[in-house]
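This is the structure, below, for whatever I ask next.
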Amino acid sequence: MDAALAIPAWRANLATIAALMARAKNELLRVPGAAIPGVLAPTIFFLGLNGVFGALTQLRGFETGSYESYLVPVSMLQGAGFTGAAAGVNLARDIEQGWLDRLLVSPAPRWVLLAGTVLAASARALIPATFVFAMALPLGAAWPGIDGLLVAYLMVAAIAAVAACWGSMLALRFKSQSAAPLMQVGMMGLILLTTAYAPLALLQPWLADVAEINPATEVLEAARQGFVGGVTWAGTWPGLLALTGLLALFGALALREMRRTGV
Amino acid sequence: MSAPAAIAAEGLERAFDDVLAVQGVDLEVAEGEIYGFLGPNGAGKTTMVRMLTTLLLPTGGRATVAGYDIVREARQVRASIGVALQEAALDPLMTGRELIRLQATLQGLPGGEGRQRADDLLERVDLAAAADRRVGTYSGGMQRRLDLAAALVHEPRLLFLDEPTTGLDPVSRKTIWEEVRALNENGTTVFLTTQYLEEADQLADNVGIIDSGRIVAEGTPTALKTELGNPHIRLQLEEGSIAAAEEICARIGPLLPPVDAKTVLVEVEHGAADIPRVVRALDEAGIEVGSLELVRPSLDDVFVAKTGYHLEQDEDESDSEAVAT
Amino acid sequence: MNRLVTNLRVVRALGLRSIRQTFRRPQLMAPIIVFPTMLLAIQTGGAAGAVDLPGFPPVQSFLQFMLAGAMMQSLMLAGNSGGIALAVDIEMGFTDRLFAAPISRYTIVLGRLAGTGALGLLSALWFFAIGLVFGAEIEGGVPGALLAIFLVTMTAMAVGGIGAAIALRTGTASVVQGLFPLVLVVLFLSSAFFPVELMIEPARTIAEYNPFSFISEGVREPIIAGVDATDTAEALLAIAGIVGLGLLLSARALRHRLRVG
């Protein structure tokens, strides 16, 4: 029997993606404490950064007097970055333990195997983002409005997908969980070499230049707009465009590594 | 016109930097055959399996599996085969049932059919009772059986088993053997790698012996052993009757050089079937036999002859059957 | 005496293995040096205006102030990285080989810490070099630099003990790796990156009692002002406390590991 023709290819692919996403949730539900770092870390990161640099809003040039409002989208995106990188670590573990071979030896297309990992990370990233948001509100962060919240969540899910592609690429390249810190570092760099700490005008010249060309700046500003003002299309489309570019780039790199693994 | 081979390799090669793990291997596995790929650790068995199952790109040569080229038609190869690798490749957080269902999904089976197959296979490999327990709680034998079941979920016509019984106890090993035989009786071609002589001897229709990346011998177990010569009968006799016994035995088969003054060695073409002839002839001549042994060449003897060393340390004695008289 | 000598040999052998492992894998090394360097650059680039805030201690530059924080971050990552490496050893079964050997169990942890200590030393040297290249002055001179390097190396090993304990307890590299963000959080809730007096509550109160604040001050003071006996003593006490905690957790984790296999 040619099993690959048992059902239409698109249905088989969707079913495989769904099955891989279902497996990914086991890490959350069946490993005691596994969810805690991913949720707690960005939350505490938010509290820590706010506690450390909160006084910066005293400087002229901040568009808000609330460092909490300024910072909460950064922490939401950081949570997405951590979650996506964790997906890369899990893939590295799967490689080390031979599990990936089981997937590679099946007729499922390589992009389907990658999509399962990436989409699982996108969904999972909404959990820490919600936690951070829920913590930030009573501490003084502004309510962003439904539109602001939806835009922020969209940015979070998409950045998690970018991070998962980055993590997967490194996992497939190095085939070792030891690459985990590198996965984290890459995403932190992407998100922090932006207007994460202060507005563009207050950054040192070199950092301002980098932030201007870093596509993640647009993503962050799009996620931030509800918290510091209001959502507009002009403030949103650059973020969407940046995300499209990032997903295309990192998705292609990850898929290339996946295709190079095995035949 | 003969049926196309299930597996055909021509000059297949794999290099890792300066090391040639597989060197120009030619082999052919017919449909419906159990092919035993025998060799020690590091011989290249797993590298061969990984190339044939499209997990590793060859660096030379070519091969087809189920009629598909392993490089250009890799996806078709994967759709046609079942694989149980040397590392069981199981997820300890999943239950046995979840794992087989996932495998069914990966193979493109519809949901309902996948679930039914999973239930049937778990029953078949005697894991129904443990099906909803996490794989991490399974013993080694249970994990192997689960891995085998997962490889069968889509009823492949060609099955790759990479050292399926390594590390298992004798009972678990026997269970796997029975399953492999049953699959083969239903028409499944099996490519089996092993470092156990007995496993190759018991299961394989054809055996390929690999050493340092090359095939050094290939054939049926019987043919390989026969190549070393016919079996012989070793007779322990009274010293005074040696000459007479030699004269009688020489009529049955060629004599081999004796190992001591009380032994006669006679080569017999038909193995155990020739024992009654020898016993009857000596009895009619009034010659009393102290003991009689049929000594056959073993696969280990074949391995030693081809490689210069024993595959298994404990099996350095030829296969022998003592027949006390 | 024989046993002590044997244990020391084992620690040395495992320590050399740990150091070789670390330096043979660039992907391990890079985050311990690259990420804190990156964060140093980002924070000095993004928050440099802080030196103008009323109450900020007198410093030559924000970079001079931040060097200690970068070193602290690097050593924390080194400790976490050591924990990950040990957890990978557990997952791969390598520690079973060690447990089955006639060696003291503690040598397994101590050997790992040797590698972590080497990384701590390297990071201290690296950030001093970065600081000097970009114009930061070390007010305490060579003695001040040596003191800071010593404190950083000792702290790296102390933190490594905690990482090793977590690895032994969980046996899972992904869990240890998941603590990486928490490592940064502990630092943010200290005076590693900002003066305690200018932090916002409740971070300020937490930082006042955080042992890593005492260590940060002990490392920073020789750089921005000069060697101070009180700051140094407080840093050493804090390190001793972390070492004690690490030993306690490691002992319990080792017993747990041997119980569950």
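Labels A, B and C are assigned to the chains in the order they are written; within every chain, residues are numbered from 1.
Heads up, the rule we're going with is that contacts are C-beta pairs under 8 Å (C-beta built on N, C-alpha and C of every residue); 3 or more make two chains touch, one makes a residue touch a chain.
The structure presented is a predicted model; accordingly, all values stated were derived computationally and were not measured.
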Chain contact graph, described as a line, ring, star, complete graph or other shape: line
Pair exhibiting more inter-chain C-beta contacts, A-B or A-C: A-C
Central subunit by CA centre of mass proxy: A
Distance from the mean Cα position of chain C to that of chain B, given in whole angstrom: 54
Between chain B and chain A, distance of the C-alpha-averaged centres to the nearest whole Å: 49
Interchain centroid distance [CA atoms averaged], chain A/chain C, Å: 27
Residue list for chain A, restricted to those that touch at least two other chains: 27, 31
Residue ranges of chain C touching chain A (in the complex, touch as defined): 25, 27-28, 30-32, 34-35, 38-39, 41-50, 52-53, 77, 80-81, 84-85, 88, 91-92, 170, 172-175, 177-182, 184-185, 187-189, 193-194, 198-204, 206-207
Chain A - residues contacting chain B, complex: 1-7, 9, 12, 15-16, 19-20, 23, 26-27, 30-31, 97-99, 101-109, 262-263
Residues of chain B defined as touching chain A within the complex: 53-57, 70-71, 74-76, 78-81, 83, 85, 87-91, 93-94, 98, 101-103, 105-111, 113, 134, 150, 154-155
Residues of chain A touching chain C in the complex: 27, 31, 33-34, 36-38, 40-42, 44-45, 47-56, 58-59, 67, 78, 82, 86, 89-90, 93, 96, 170, 174, 176-182, 184-185, 188-189, 192-193, 196-198, 202-204, 206-207
